[in-house]
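Chain nomenclature is as follows: A, B, C and D, assigned in order of appearance, with residue numbering initiated at 1 for each chain independently.
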Amino acid sequence: MDIIVLNRDATEEDIRHVVKKLEGKGLRVHISAGTERTIIGVIGDTSKVTEEEEDAFRAAPGVENVLRILKPYKLASREFKKENTEISVGGIVIGGRKIPVMAGPCAVENKTVLMAIAEKVKACGASFLRGGAYKPRTSPYTFQGLGEEGLKYLAHAREKTGLPVVTEIMDPRDLEAIVKYADIIQIGARNMQNFRLLLEVGSAQKPVLLKRGLSSTIKEWLMSAEYIMSRGNHQVMLCERGIRTFETATRNTLDLSAVPVLKQLTHLPVVVDPSHGVGKRDLVAPMAKAAIAAGADALLIEVHTNPEEAVSDGEQSLKPDHFEKMMKELKPVAEAVGRKL
Amino acid sequence: MDIIVLNRDATEEDIRHVVKKLEGKGLRVHISAGTERTIIGVIGDTSKVTEEEEDAFRAAPGVENVLRILKPYKLASREFKKENTEISVGGIVIGGRKIPVMAGPCAVENKTVLMAIAEKVKACGASFLRGGAYKPRTSPYTFQGLGEEGLKYLAHAREKTGLPVVTEIMDPRDLEAIVKYADIIQIGARNMQNFRLLLEVGSAQKPVLLKRGLSSTIKEWLMSAEYIMSRGNHQVMLCERGIRTFETATRNTLDLSAVPVLKQLTHLPVVVDPSHGVGKRDLVAPMAKAAIAAGADALLIEVHTNPEEAVSDGEQSLKPDHFEKMMKELKPVAEAVGRKL
Amino acid sequence: MDIIVLNRDATEEDIRHVVKKLEGKGLRVHISAGTERTIIGVIGDTSKVTEEEEDAFRAAPGVENVLRILKPYKLASREFKKENTEISVGGIVIGGRKIPVMAGPCAVENKTVLMAIAEKVKACGASFLRGGAYKPRTSPYTFQGLGEEGLKYLAHAREKTGLPVVTEIMDPRDLEAIVKYADIIQIGARNMQNFRLLLEVGSAQKPVLLKRGLSSTIKEWLMSAEYIMSRGNHQVMLCERGIRTFETATRNTLDLSAVPVLKQLTHLPVVVDPSHGVGKRDLVAPMAKAAIAAGADALLIEVHTNPEEAVSDGEQSLKPDHFEKMMKELKPVAEAVGRKL
Amino acid sequence: MDIIVLNRDATEEDIRHVVKKLEGKGLRVHISAGTERTIIGVIGDTSKVTEEEEDAFRAAPGVENVLRILKPYKLASREFKKENTEISVGGIVIGGRKIPVMAGPCAVENKTVLMAIAEKVKACGASFLRGGAYKPRTSPYTFQGLGEEGLKYLAHAREKTGLPVVTEIMDPRDLEAIVKYADIIQIGARNMQNFRLLLEVGSAQKPVLLKRGLSSTIKEWLMSAEYIMSRGNHQVMLCERGIRTFETATRNTLDLSAVPVLKQLTHLPVVVDPSHGVGKRDLVAPMAKAAIAAGADALLIEVHTNPEEAVSDGEQSLKPDHFEKMMKELKPVAEAVGRKL
């Protein structure tokens, strides 16, 4: 249901105008005339009132505010689907009782290094291999990624270790290659509202890991998930990776309360990336534990055999032995909240 | 020059390691050993130290911090070019003494409405016509834009009124069409870090209007401008349109201090979009005046003949008579700061 | 009018419970039962529903949300008083057509320096002398202010120049001294929600300059003004001084859109402090002009004869010749918007 | 060690000027003259350079930036004290292996209700009773707290249950009463930079629970702790309660990464208040678990026998049975990270 508030200077004509538009859309109204304001309650399927029509009402004479009571997303909402969505990739379930860990380097640099990291993380208990073939770099003068060659290295690593692959798509034109080589398509924070990209990925048959935008509200995030799902791809998982705030002690502010909030609002699995969230190696393990305790369904961790040589984000990458230690420490935390690693 | 700070637990070995890497890149060092910290001053062309190498240093044992003294962007900086950049489009100069106003609807809906708006804004003194053929919509269920058809309507309006056209690009695959029909290519806030898109647009011969990201720092903004310029297209203008903050009384928080800050840091022209900045019709005029007083080179204003019928953003669009009134009020403000409208 | 939204799982009992509480407060209800939600419109004087009762409703079973339509502040609102409030101090009016400029050092250091600055700013056209006798310092190891002695210096400067004095109160126990020596009592950003302090100052007979909190919403700001006014002191002026955001290029982000927003919501005068807003000398003049163009009623500027020797905030203080130049440049801007300096 | 950066236009005279001031303070310099910048490394006890002198340097001709390498706080820093601080109150240790839970209503309303809540939380395993006698209310028209009477009720509840008491101080003039009746003095978020209050509390002999300001950086937070400690009171514990961001789905954004960050920077115990952090009852338990997993030393939880009747914050208060359930669920999480509840 919607509510349209008219201010004290609104005329009878103004009210009639709004009512007429609403009735023209097959909706019914309930008018409450107060001394300070007039409230028009809108009854019926107000999902028919689109975003632009809502804006049009706001622009109408006498209207002070339009309040949406219902959520703007449907397919992603728990009201649409009560049970948790479970996404199965190569036999591993994301969104079930077990918490898979997706680990690997930020960027795929070369075949050998990637292979070494893949073997290490597998030995430590990771279920997925992550790595970027196409890198989003803030500076045009830095490493841009290996492209399709990098995808092949990831596929090769999967072949040898059995680890399914998560990799980021930067451009709609790369979809074909990514679908060919990868198992999960990652949409990065900066592309969370790249609507064209969302639509393309919505037509693909692979699961999508949708990272939250740097300053995206949970509502906008779910609307982006809705974008993808509206095209037919319902295998969407949401990944909290920190939001932008005034605090500079951490790279971003990891918003773990997003985990239980999402669990209420949506049936989609919730992943947490503490590596990008905090940006500093020593903070990754405590936040990974906190993420599991908060209810996360999976973790996305950056690991590199030699962080100092990493072509990007070396500061937050864990060395294999740190990763191993962390995985051991995560086990009891998962069990403490009724899950398994 | 760069500075690398090592903490009190750093060993002689750690220091040697860092110095060796720096000298290996042809740089010289200046070591200041304090009681609490060791500071390594790096002398030479530190622009050679890329972002990933910087990250690698941060990851090195003993290193507490790496401080960049020099700016990461070059082509966009005033140190590269002392004089203001002036971008000429159809005889109109952006970045000179006169302040052009770019006005029009948020989205191009149909030929007739667009024509009507174009004629009105021209009559009021606007120098450019703006309008989106491809719309970035938060919801997949709303008007997505007319696409190439919308571009043709814009071109038609230009033919009749003489007003050059500013329109937004959403996807690299639309570049050809946009270059064909439009005069200035706009990159929206949500695409400010869509690096692939920036690269494509950097290869085009048309001027680019780069909107600031919702939560982008001025430094990130200039790095995005650098992206475009690094490909050869130096005709970049920056557009402040409000940033995301905790305040909800306005749609965004229009950061007008960005205008004088940019004027110090870069030679690129600075445009201000008060419409998206504040999101409410009544606040547009005061902020447009403030923008001119702060030193803006151009304004981007939303105007619609019938905001209530606008398919998007009706709440912030000015009606032609409001726009006319505002243009009259802007004139003396421009003159008060030594400019002309 | 208020609106209480009950979710789809709310029972008849839940609805009855809420209705009973409302009717118990002498309010009438209007129930709109939709398929997804039940909306209870509350009619009557809902200002009787206090903040805690509102919270209680939110906590009631079945309640999804409580929406306030009316503003929580009264005395400060334009609905209470249509005409602009004009505050008169020593013959100078704040909130009228003329825009007074309040200038001076951040802190009062010694009698001689203060006298020199007072004479300079007066010569340049300032109407008020500002200066802190009690300094809010982030570090306990720095200059804490001269206290009452500093107040005497300010009074002495007023005696010699005729400039009324604006100074900050840090602690309720200093009120007596401040009321004795100063003309306008300033409440700093960090004390905007120091409710005890607001109550004390609300009992005083001197005008109050209420700075916006670092992260205070406009609504919270007006509620703080309401605090002061509720005690009887209606001579309150609001001062925008920048809010905290992610941007680090400026000390704070000066939110000039707060000026026209406040002009709509309240009758109280609106002052702007560009010095603390931007934190850098070269940015003060452009933002002072922008503030006037946006509709500010007065300016608060930091000036020091020797910023390098200033005990605080030297980086943003203007030297007298800069201040003089700025005052000359402000004059035409004021006239361009129908005001006078 | 400090670093002063002079820009490319700085003259020999400018450099000599800065060096002379530094040497005048008994400091030594190390000058690195680069092509783009001149870096002056400052060697010696730069803690002698106060905040205002630092500002003075920034204001000096030719100076582009002043970078502090060392932290501005000392007593609070781990460099000052390597071992964790343990604060003992009534036999209970905060900062040790056991994690005490402080629970109770937001405000003390009456003797009976408080007693009932105290008995309930004690039965569930809480170690401290919290409750506000003086309430910080955003509106002047709402419940302001019982004052000293409320303190007596808290003392009475302690007498009956043995639970030590945590209560908030709003005004320096209430210190005597609070010290008389309470065990831990709480400084609320809005008073984190009420420096006068911090100084007063620094002279008291009771432990202080210092809440993080709504938008305070971790550095500012530790400087406020330093304020208190500089007066002699070293029994300070820091309480994370959420920071202000753009997200509205939660009341604040609980910044759990502050926990491991603080553990690196300071020896002071770290408490987490998930109740104010998230603002919604259902989100408290997951975030309490996450807080423990992240390394928190104690929890501060709002509990009320009848949240609907609570005079404030009813929406986030847990009912006793929820609190009991949560306490049971916290136990294994604490053990999973090597602690005990």
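Quick note on the criterion: a contact is a pair of C-beta atoms (placed from the backbone, for glycine too) under 8 Å apart; a residue touches a chain by one contact, two chains touch by 3 or more.
Predicted model only: the values in this text are computed from it and were never measured.
Chains touching both chain A and chain D: B, C. Comparing the centres of all chains, each the average of its CA atoms, the largest separation from chain B belongs to D.
One simple way to say how far apart two chains are is to compare their mean CA positions; for chain B and chain D this gives 39 Å.
If you average the Cα atoms of chain C and of chain D, the two centres end up 26 Å apart.
Per-chain Cα centroids separate chain B from chain C by 31 Å.
Residues of chain A found to touch two or more other chains are 215, 244-246, 248.
Interface of chain D with chain C (complex): residues 50-52, 55-56, 58-60, 72, 136-143, 170-173, 190-191, 193-196, 198-199, 213-215, 220, 223, 226-227, 230-231, 244, 281, 307-315, 317.
Across the interface of their complex, chain A is touched by residues 1, 3, 5, 8, 30, 32, 34, 36-37, 39, 41, 43, 65, 67, 69-70, 79, 244-246, 248 of chain C.
Within the complex formed with chain B, the chain C residues making contact are 215, 217-219, 243, 245-250, 253-261, 264, 277-278, 282-283, 286-287, 289-295, 329, 332-333, 335-337.
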